[in-house]
Every structure is written in structure tokens, then in C-alpha cells.
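What follows is a set of structures for review.
Each of the next two complexes has chain A plus one other chain: chain B in the first, chain C in the second.
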Partner chain A sequence: MPPKPRTSEAVTKPPTILASSIVIAETAALTGTFPIKIGANTVIHPRAKLTSAHGPITIGEYCIICERTQISPPDAEGLVIGDGTVVEVNALVEGSVGAGSVVEVGNCKLGPLTKVLEGEVIEDNTVIFGSGQRRIDASGTMDARRRLLERHIESLRILIPSNPSKFMN
Partner chain B sequence: MAPHLTTYSFPTVHISCPCDESIAITPKSPTKPGAPAAPEEDLDESEEEEEEEETFDPRAPRSNFSLFPLDNLLYCEDCKQIRCPRCVHDEIVCFFCPNCLFEVASSTVKTDGNRCTRNCFSCPICFASLVVAPTGEGQAGPYILLCNHCLWSSAEIGIEFEKPTSITTQLAEKLKPPALARATTVSFTSPLSPVSASSESYFPSMGAPTIITPDDEEDKKELSPEERFLRLKAHYAQQRAGAGTDEYGSSPGALSRLMGLYSGLGSGSRSRSFGRGIGGFSNVGGKGKLEWTEWDTVKEIRDDEEELIERIKEVGFLGTTNKEQRIAQNHQPRFIRDLRPLAALLRTKRSKRCRACRHILVKPESKPTNIRFRIKLVAMNYIPALSISRLDPTAFNYIALTPLSTHQFLLTITNPLFDPINVTLATPAKTPGRYPSTVTILCPTFEVGANTEVWEEALQTIANQPAATIKKGRKTGMLIGTVWDLGRNWTTVVIEVVPPLLPLPGELGEDGNELATEDDRLVQIPVSVRVVYETDLERDDGGLGKEAKEKREHTYWSVLGLGRISEKMPTKTVEDAAGSSAARPMSLVSVAGKGVVGRGGAGEEASGGRVNRHSVR
Partner chain C sequence: MPPKQTKGEYIETDTGNKVSRKSVILGSQNIILGGKTVIQADCTIRGDLRRTVAPGQHSGNVAIAVGRYCFLSRSSVLRPPGRTHQKTFSYYPMKIGDHVFVGEGSVVEAALIGSYVHIAKDCVIGKFAIIKDCVRIEEGTVIAPNTVIPSFSLVSGRPGVVIDELPETAQEGLELKNIYRMI
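And then the complex of A and B:
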């Protein structure tokens, strides 16, 4: 028996608005029907999954979306990831994330709180680390961290071969 | 299934170190190192044993401390004995910082403490290591300590550094409380005697324990450890100056004060504040006696600390420290804001010595960056390794063994030595414990090949291959006295286990205790492994004499953790299986009657009752 042809929904490219200076790996997966907007200087690692099947995704500037993360808005209101956010390996994001935050999950499946659940809004400068521990960074060193992040993105720019044309339409 | 069952990992093989008998100063004879831990009263049948060995009981309370996995054990070549972590002696080779790998001299450790004095700090929130990050434009200062994991930074507690080097000194300068800076100039008042008047007036009689009462003002104010240290230091300097040339202070006052320091800890007349300040003590007994308490006890808020409660209201639950964060800090802060960066704890490299003969068993290279060992006498290189698996490869469920049905396990013995070994396995027919399992080793005596180089076997001519003549049970079916399978330096034999039927959990006996505890459900089989081999005699000049062979023998007890007995009653199918093999236990009766299977008893068993007991294929 020949393999079943894939449903056409899975292969439809979502409408994307990509800034020219982004780094997006070829193996990243952008699926869905709602628009996906990615701001300038953002890095999408290989095998990151952005699914806009239920709502639009907006990612700000200077973000890093690491591999195996899943970003999927739960409803048509969509999901916004603010500027300077780092979403680390294996995180699941279903709610909006404020600017300058880090969503960092080592072992996403284990800790139930390591997920950013549906409709949840993470405030600016929140850090989610360890097994679901959260804290709001109050040190006022945002500028310093932003500079570190920019250097991080510059180094990733060299390391990750970018292919934005694959996701253009 | 109950969630705690998932914590089991079966099968396990533990080896008993004989050191719980005693650490012999003179090495015991290698022929009899067997370690009976607890006497077994029902062991009256050991007629074939001239050396009366008792069965090792894995459930005896002392066995807990003598059982180790093989990879935790060392081996002393001089005593010819296993050495466990309890019977080796540790010696520190060097101290080093795990963060910067800088070696710290032991004299520096004594003076500066066991923490890195360079730029190594760990995060007070998540204990990851901190990096020095610039906050100014470009790479310019001021600098902060930043945690890359949880983004905590020293700016959160208001600390920034002017330069990126010698952070420790800068931090110490910044953390110095203003009170301390003031105190260095003002003359000290001792915490022991707040009014440093003539000390004799405080200590009227020499013999009686002294009541030391700091005034209440002093009591209320919590001193920082640094302050306390400086105060004490100055106090003793003052006392020494007062004592004049005599170092030990011949004046009665000085002496009684010193006595009071120690005796006071036990006497009821001790002041509360002093003990509390030390941190290890607290006065919770109520009788005025100081008691040792754990660091991680609940830190109470007393009635007079209302401002603390106000502060907690202000910062909320998230602003308070958790237990780990609190006890890692010297001053045990209650609030996140009071946390300090933790200087990295130094680590050590250690060498290990045999306690009996003082020979070195493990000696690492002294440089922290070098991970090699100069001497490493691990037991794995001297003692045959045991491993367990199920005979039926599809049955991998070790945590629910069906009661009253026969389970077959494969026991593989791997030889690490360069000489072939003769192995004799012995096990009690019934395992020790209230609910004994029946155990049979089908082939208790066999040979395991030498651990030669892998290519050597290939180079050997086909003519002298002894392995081919040995019958393998794998091919012929399960026969008594036949090994299951064998290879270059390993041999596999079959063990049959019939677990007992246990009362259900929750079933209580007459005395109200549970009839079968969780511990009774574990099938633990003590197996005595006796290894005999001939090796080239080591001559005095260090060379090996080719003609002189020396016979060596080594015996040790190991405990096989085969699994856990299921709570489920045996089902019909299992009964069928037991019924079909009803003849088998009959043939085993003679063996079982001997109590210890395998000590010589298996020879005639093999010749007399060579029945195809259970053919698998």
C-alpha cells in the first residue's frame, strides 16, 4: 500500500513577515495559517517549532528561540514574545512573554510549571529556570544584559546558517 | 502500581566487604575471608564444610553497611582483600577550586578558609557559577557578578565592582558592615564580658561554673559573623596581654573563664544569646540546656521581631529565601535581598590507603588539571564480576515476580584476571528471612577463562581449543552441572528461584504489625563466590618466575537483588506452569536438604540425576 499523502494543511506555509536581519535555520518549522511575524535580529534555532494554527505569532527584536521549543498560540488572540526574550531548549510557550525575559527549560516534560500555559502572560524580566522556578529580575542591569544578548546573537549569526527565503511567501 | 516502586532498579549485585568483622591489623589469611554478618540458627547442615562458614544474611542490620557495588570497592594487593570505603583511609593530596582549577596550598586553606579567594563565585539563588560582566559601554566598568542561569546579579543587592579582577577583596570591602568599620577604631567590648573591668570580679570562685550575662542591649542586636570574630579576637588579645608573659594565664580568673567556656555549654546557667550567636546551638530545650540543632530547622520569628513580619509583608513570599539558599549562607538570611554571592568551595583530590597494612590503594596525580591516577587498585581488576539477567529475554519485569513459580535467571561471571579461574558458587537453599525463597544454582562449579587479549584467541590454533569440548546448556538444554554459555573470559550459569507467597500488604498479624513488610518482598540471594586460580609466582626481584606457580584462593559473599515479589496471587496460568514442573522440585529435594547447594553436592547430582530438567527450546 502506498503511503498516505500528507494532508495539505501540514504543508501550507503560514504568511510570514520576516525582518531582513533575522537568522532562521532551514530546519526550523513554521506551520499554521495565521501570520507569523519575526522582528529584526532574532535567531530561530534549528528544529524550533512555531505553530500558528490557532492564532498569530509575533516575535520581537533580539530574541533567541532555541531548538525543540514549541510556540503555539491557543486562540485567535495570538501570542506575543517581547523584545530580547530567550526561549531555551525544549520550552513550550502558549502564552505571551514580556520583553527582556528568559524562558529557560532544561527538562520541560518533568516540571509541570516549566510550561508557559495557555493565555498566561509572563511579565517583563521574568526568569523561569530550574524546575519551574520563577523570579522577576529586579537588578536594573537590563542594558548590560541586552549587550550580552546582542553579542550572543552576533556569534549565533556566524554559527547558524540562515535561510529565510524558505519561509518567505 | 504504587509510585515508590519505580525507584527500584533490579537486578542488583552487591559485594560484601569483610571489614565489618573487624579491621584486622594483621592481614587475614586469604583462604578464609568469609564474612558472616549474622548467625543463622537453622544452619545445622554443613557437613561437607570443614571451614564452618555461616550464611551471610542480607537483611541483617549490619549488612547494610558492608554491601557495596563492585565499582565502589578497592583491592589491597598486600592483604589480598577487598577494601570498601569504610576500610580505607583518605589522605588529601591537594586542594583546588573546581571553578578555576587553581591549586591552593594547604597552609592557605588553613589561613584563608576553604573557599576560592580569586574570582570564583556561585549564585546564591540557583548555585550556578557567576561570571563577571561589564555594565558600562563596551567592556568598561562598573562590573557585576551575573548568573547566566537565573540572571541573578550582584546589582540586585546593590553591589558593583570597579575592576574585573580581585573580586573577593572588593566584595569583602563592600560587605564590611559600617558597624565593623566603626568598631575597628573604638576599643572592643568583649561579648563574653561586656564591661571589661577586672575579670576577677566576674568570677568570684574558680570551681563553680560561671554565669556570663551580657547586657540585654547587646543581646538584642544580632552581630554579623565578622563582627563577632573581630570582637572575640580582640578580647583574647586583650586577655593575653593581661596575662603577661604566661601564655596560659595563671591568673585564676583567666583559667576559670576558660573552664567556663567549655563546662558552660552543658550547664544550665549559660546565657542564651551566646549560644544562639554561634549558630550551631540553640536553646530550645526549655531547661536552659544548650542542644545541638540542625542548620535547617525552622527559623522562628519571636515576638520581638515585628519589623521582620512587616518586611515579609512588604516583599511577599517570593522575596524570602528557601531552605537551600538560606543554609548555604553564613549569616542565614531570611530575605532574597540579604543574599550574598557564595565564594566557590574548594575541592580535594584524595589518595586512599588500606587501613590494615597502610599501603596506598589509590593515588591521583597531584595537579588538579590532570585526571590520571598513579596508583589505582580497583576491585574490578581483581575480582570476578557478577551480572544477572532473566533467562527469558522477554521477561524483563523484575518488580513483580510471581510467587510460587520458578523464575530462571542467568548469572554471568566475568574474569578480569590473566589466569583462568575455578569458581565455586554456594547459596543457601532457602534465603534468610521470614519468607524464604528457594534458590538453586544449576551449575555451582565451573571454570572461567583467562582475560587474555582479544586477538590472542584468534591466533590460537584450532587444535587446542578446550572451550569446544565443554557442553553448553544453551545448545543442549538445561542440565544440572552444565554451564549455560561461556565465552573468552566469562561463563553464564542458570539460577532458579521460587519466590514465596507473601501475605497481602496491609494484612496485620496478631501483634498488630504488618505480616509482610516491603522489605520482605525483595528477593535477595546471598551467594558465596569462591575463586581458585594459579598464577605466576612473583619473585623477590620483581620478575615473574615461569616455573613457579602459586595457588591462590579468594572467597567473598555477594548479594543478588533479583527482584520484588508481586502482591498478586499466582494466577491459573502460573499454577499450570508450576504443575508442569512439579517433578522438578522433587529432584531438588536431595540438594535442598543439604542446606548449602553447590559445595561438592552438585557432582553426584550431575552424575546421578542427569535428567533433562527443563528444556527451553
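And then the complex of A and C:
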């Protein structure tokens, strides 16, 4: 197979604002021209793609961005991923609310292979599962889940070799 | 001057594994391939997510064990499952048997997959799922975390449920020796 031609866009290094306590793998890809801001205690897995070619990206505290995810804001308004969000493997995020493939601040949960359409607003505590069914999670376990997430991040801190200096500028 | 010899797409190991140069294998020291396994381009294997134990404790350092004649298609992901147990989060080893096919773009976070399992493309196998021998999983199936799929099942849907039984002769149809020879 012939190698794919490299787009000029992929080479540009975006301005980054990284908190000191983040864990970011060396093979994560931060590209684009708009600023990328990453909050404290966030973990970026290897091969996650953050593309700020069309707008700025802001990621909150205590987030996990897994491998093979693509985060790319569609316009100059940019994209915000709230605190405590887990974006699971293979997720594609273009929306602004931090709709990943798992939990976000507003405490939503999107199941695997579910889709949220353009311009849709998902209320807090919504669970989207199966083939588009929705329900409101009234269990009130948000704090407990947040604690589990913090432990998860602690263990990833040991496992993933971090190299934030590569992305600093 | 003769043209520069182009490198083949696959690297073949001593035990007959064919690993694509374009695959993403992290933490290869924690991965065991049984032999004659094919790993295609863009396939991601997270061997770096191994068990975390308190320092001083002995830990088995195998994160992913794959049997013989397995076939991991393009863009598939193998990733050990993790959970919090007794206040510490840890990843747990993932074991895959022989003759297991993983389709394009499927994400596998199962704890155990038996032998002769066919996972079609764009499936998601949830964390700590257990899939026994001779199972066929249809395209686009999402298997919920902690699910146990019995032997000789045909699984489909979101969430994936057993919709039919496979005949006792299913094993022959699920052998992957021929695909291995084709690569």
C-alpha cells in the first residue's frame, strides 16, 4: 500500500496550555492552529488525536481521553470537554458539550456506537444506550463515580509514560 | 541500479506470527502471541495496560495472551479490561483462545474469549465479558460489560443477545488456518 500523503495541516504544532499534572503519552497527536488547553490530572492515551484546525479545544480536569479518539471542533467557537469526562476508544467528538463516549460533567453516559446528531442538546444525567434509546439516570451516583475515576487516573499515571514537554511551546 | 527492495507489509516472527508494520502495539513485553497469528495494519493492542499492584508484590506481567491462528483485522482494538477493586484501580489480563477472528473496527475489552470465536466488524465487546468456545458475533453487535456468552451461540443486537444456536459442526466453519495461509 502506498503511504498516504501527509497534509500540511497535520504538521503544524498548535499553541498548548497544559496543566503540570497531566499525563500525556508521547504518541498522542495534537495538531492544528487554534489553542489546545488541558486541565489538571487529565490523561491522554497514546494515539489520541486532538485536531484544532477549525477551533480551540478545552479539556477539563480529571478527564481520560482514550486511544484512537478523534476530537475536532467543527468551527471557531471551539469545543469544551467538561471535568471528569471519559472519552472511550474510537469515539469521535465534534460537539461542544463534551459528549464523549462515556461520562461528562453534566453526568451523561453515551453507550458504545451511539450517535448524537449535529446541534442536539443532551440534558444532564441522560443515558443513551442501545440503538438510540434514552433515559434519565436518577441514581445519584455521580460522586461515587467521580471517586472511581480518580483512582483510575492514579493507576494510569503509573502505566502511561508521560511526556508533556513534547507538546509544550 | 536495481530498484530498492520494498519491505513486505508483515513482519513474520519465529513462531509464524504475521504482524503488520503499521499496527500499533504498546507494551509488547506484556503480550503473548501463541503463533500463526495475523495482526493487520492499524490494529491497536494495549499491552501497556497491565496489572497494577502495590510495590513489592509479585505481579504476573502478562496483559494480553492470544492463542494460535488468530486474526486481528484492520483498525481493531484489543484492550485489557479494568475496574476498581478494594479501592485500587487495576487492569486485568485478557485471554484469547485459538482461531479467534476479530473484524474490522471492533473494540474488544473482554476478560476471556474462548477458541473458534468469530467477531464480525464494528462490534464492541464490553469490559470483563466472557465468551466461550464456538461463538459467532454478528456485525455491529454491542456486548454489554460482564456478559457471559455460552458456547455454540449466535449473538446479535445492541445489547448483544443470543439469537440462535450454532450447529455442532460449527467449529469447522470457524477454523482460520486457510486465512492465515492467504496472508
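Everything that follows uses one rule, which is that the second predicted complex is superposed on the first by the 123 of 169 C-alpha atoms of A that agree within 3 Å, B and C clash if a C-alpha of one lies under 4 Å from a C-alpha of the other, contacts with A are read in each partner's own complex, and residues count from 1 in each chain.
Simple rule for what comes next: a contact is a pair of C-beta atoms (placed from the backbone, for glycine too) under 8 Å apart; a residue touches a chain by one contact, two chains touch by 3 or more.
Worth saying up front: this structure is predicted, and the values here are computed from it rather than measured.
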item: Which of chain B and chain C A:148 touches, first, second, both or neither; value: both
item: Partner chain(s) touched by A:127 [first = chain B, second = chain C, both, neither]; value: first
item: Touched partner set for A:68, first chain B, second chain C, both or neither; value: second
item: First, second, both or neither for A:37, with chain B first and chain C second; value: neither
item: Chain B versus chain C as contact partner of A:90, first or second or both or neither; value: second
item: Which superposed partner A:46 touches (first chain B, second chain C, both, neither); value: second
item: Greater residue coverage of chain A in the superposed arrangement, chain B or chain C; value: C
item: Partner chain(s) touched by A:166 [first = chain B, second = chain C, both, neither]; value: neither
item: First (chain B), second (chain C), both or neither touched by A:54; value: neither
item: First, second, both or neither for A:13, with chain B first and chain C second; value: neither
item: Chain B and chain C contact sites that coincide on chain A, given as residue numbers; value: 129-130, 148
item: Residues on chain A engaged by chain B in the complex (per definition of touch); value: 102, 104, 127, 129-130, 133, 135-141, 143-145, 148
item: Complex contact set, residues of chain C against chain A; value: 9, 24, 26, 41, 44, 46, 48-50, 52, 77, 79, 82, 84, 87-91, 105, 107, 122, 124, 126, 140, 142, 158-159
item: Contact set on chain B toward chain A in their complex; value: 125-126, 133-135, 144, 146, 149-156, 318
item: Chain C-facing residues of chain A, complex; value: 1, 27, 46-47, 67-68, 89-90, 111-113, 129-131, 148, 151-152, 154-155, 158-160
